[in-house]
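First chain written, first letter: the chains are A, B, C, D, E and F, and each begins at residue 1.
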């Protein structure tokens, strides 16, 4: 159960109204996901989060599917249940197959292991990026 | 300074020799990165790690660049210095531009924030993947 | 379901009894929260945890509400469901408003993002505290 | 060493220029901290991060010092070296004493412990916030 | 609910069949735990995970109970519900008593605290292992 | 560089003096490790941390080496540089061989991977401990 009462999808608060309508239009969905209804308890924060997410997730030099794959990799590494579900649904909707999901998660698992081994041995960085 | 003495690149231990040679051939490099020299203090574990990494990172239904991007996203989320350096170098080598790196890291930052907000509000998952 | 059987609130074990009574008196509550009933399966550890928590959470040069806000920030960053619920209830009881909660969580989300970006770029510390 | 070349403080890129000037004016400092110079490699992301940080960190219903304390608590929990240094410097500048820092970090340490114990025992939440 | 449909215990896929049979024989159990049924959606990854886990968890110079205790310590630190349950069951099966579990978790809690304090103060390592 | 000035080993503050002397006597060392010198900036917290650590790390139903192995596993999972160094030195001093260290870290790496896979698939716990 959420720690705040979720704001109604029909809220008439002007900021909430504007953001909720934009979420529906942008994501082409007809309901407001719970995370946005929770954030709406502080309308200014809701708007900051949404406008920033919208800007960052818009396809640019990196495509939408890759962005959602990154979101899933981060969410799995952090163990966030809500986000794992929602980003798994998102990559699926964008066409990732079950076989590809298996490959993505294999990489996520692998580097969660390798990160800890590199830390555990305290190895000094020796592979550095060049000037871009 | 690493917590174990790094194994020499010239080690004659048969497992270490085989893995080190394979690392050089597979990655087309002429030195052995520190992490593998640290793992070589336990040759059987070195081999398990390397053969698995090689299998998982080979391009399959997901391409090599996307896999390295996932590796970087995981490493940044875990704050692993060695791995952040090495996977930034890897994505660079595979052609990611500085502008694309900026987009990738923007997504990584964004969902580290959103994950914690979803946890903080204890929102119940409402966007679930369908049967695959 | 907890991994151990929660110790009864009516336990007659002398250490458990003493700690449970002190928890009720200190927190002005009439039941024992689950976490303490789980810890009571090892009475000496229960006592170590409780006496330390009691000492650290007592108002000192930092007030009680700020201490609970820190507890919530840590719990959200770690994604601990039990603790997020209990510290949200605690800040509420101490008078934090919903609007203030929104601001607190906005800061929590923000720095979970900024922390990962600072790590991802491997920026060297350049803003250091002076001698205190 | 950072993974990207830090953008010069004298950059003439219009977005970077605007943000850098605003950072100096808002924070009343005469140099640009490294994290912003790294973010400036992607000017749009720099601007998104800065305008959002500026909005969230402005004193509102929660005061500036409490916000910096939260930032420090999050950064210590995540183990982000750059951010630990910069937020320790920030709370010091805002008047936190060494004795108060000790209390703040005691709370941070305490709940990093308690979070893991609550998870380890898998205790079910029993202290829930009321309707706000 | 899992994000993929769990593969049936009766799967006739040759890799899955071989791994499932080996899991039952090795662990002396007559059902397949959910995690392996989820991994089986990508049979090659299932096999990589299982053969590696089997190799690493086999008693060697470190005994089976100590290995499961490490698994539990890692899982509690990461807050992974599934794994906390399964490794608590495993240490119990291998003979760990409730009193010993209390001691194990006390150590886990303690160093989750101490780790964050060491990070928070940015103390420089001064206790280094000698050459092995 | 630490964020506070480390307290001198020769401090005459009565609490600090008592704790520093006890650290030297208990650990049979003739210098005070940096972490305790940093904690000494808040003597009451120093004492709380030390007396608790001393009580928890004393051999009980779990031996001293296993406790240090747990400390190392937790520190590697959290990526705490100071603690990784000091607990690797501690297990070495207590007789762990390089080969055993390799096995310990293999288990640490393995479950950091498996934890994230279990989270990523959102598998429901099905292996539960029995009543103790």
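Here is the rule we use: a residue touches a chain if its C-beta (ideal position, glycine included) is under 8 Å from a C-beta of that chain, and two chains touch if they have at least 3 such contacts.
Model, not experiment: these values are computed from the prediction.
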### Query
Can you name the chains that touch chain C as well as chain D?
A, B, E, F
#### Entry: Chain pair equivalent in interface to A-F, over half of contacts matched, among B-D, C-D or B-C
B-C
### Taking each chain's C-alpha mean as its centre, the one farthest from chain F
A
## Note on the structure
chain D and chain E have mean C-alpha positions lying a whole-number Å distance apart equal to 34
### Message
From the mean C-alpha coordinate of chain A to that of chain B, what's the distance rounded to whole Å?
### Response
20
### Message
Please output the residue numbers of chain D that touch at least 2 other chains, ranges allowed.
### Response
1, 3-4, 41, 45, 48-49, 52, 56, 77-81, 84-85, 88, 98-99, 101, 103, 105-106, 108-110, 112-117, 119-122, 128-129, 132
### Task
Considering only which chains touch which, label the overall pattern as line, ring, star, complete or other.
complete
### Query
Which positions of chain C touch chain B when the two form their complex?
72, 76-77, 79, 81, 84-85, 105, 108-110, 112-117, 119-122
### Query
Of all residues in chain A, which touch chain D in the complex?
1, 3-5, 41, 44-45, 48, 52, 55-56, 128-129, 131-132
### Message
So in the complex, the part of chain D that touches chain F is made up of which residues?
### Response
79, 84-85, 88, 98-99, 101-103, 105-106, 109
### Message
So in the complex, the part of chain D that touches chain B is made up of which residues?
### Response
3-4, 41-42, 45, 48-49, 78-80
### Residues on chain F engaged by chain E in the complex (per definition of touch)
1-4, 6, 33-35, 38-39, 49, 52-53, 56-57, 60-62, 66-67, 69-71, 73-75, 77-78, 80-83, 85-90, 92, 97-101, 103-104, 106-108, 110-130, 132
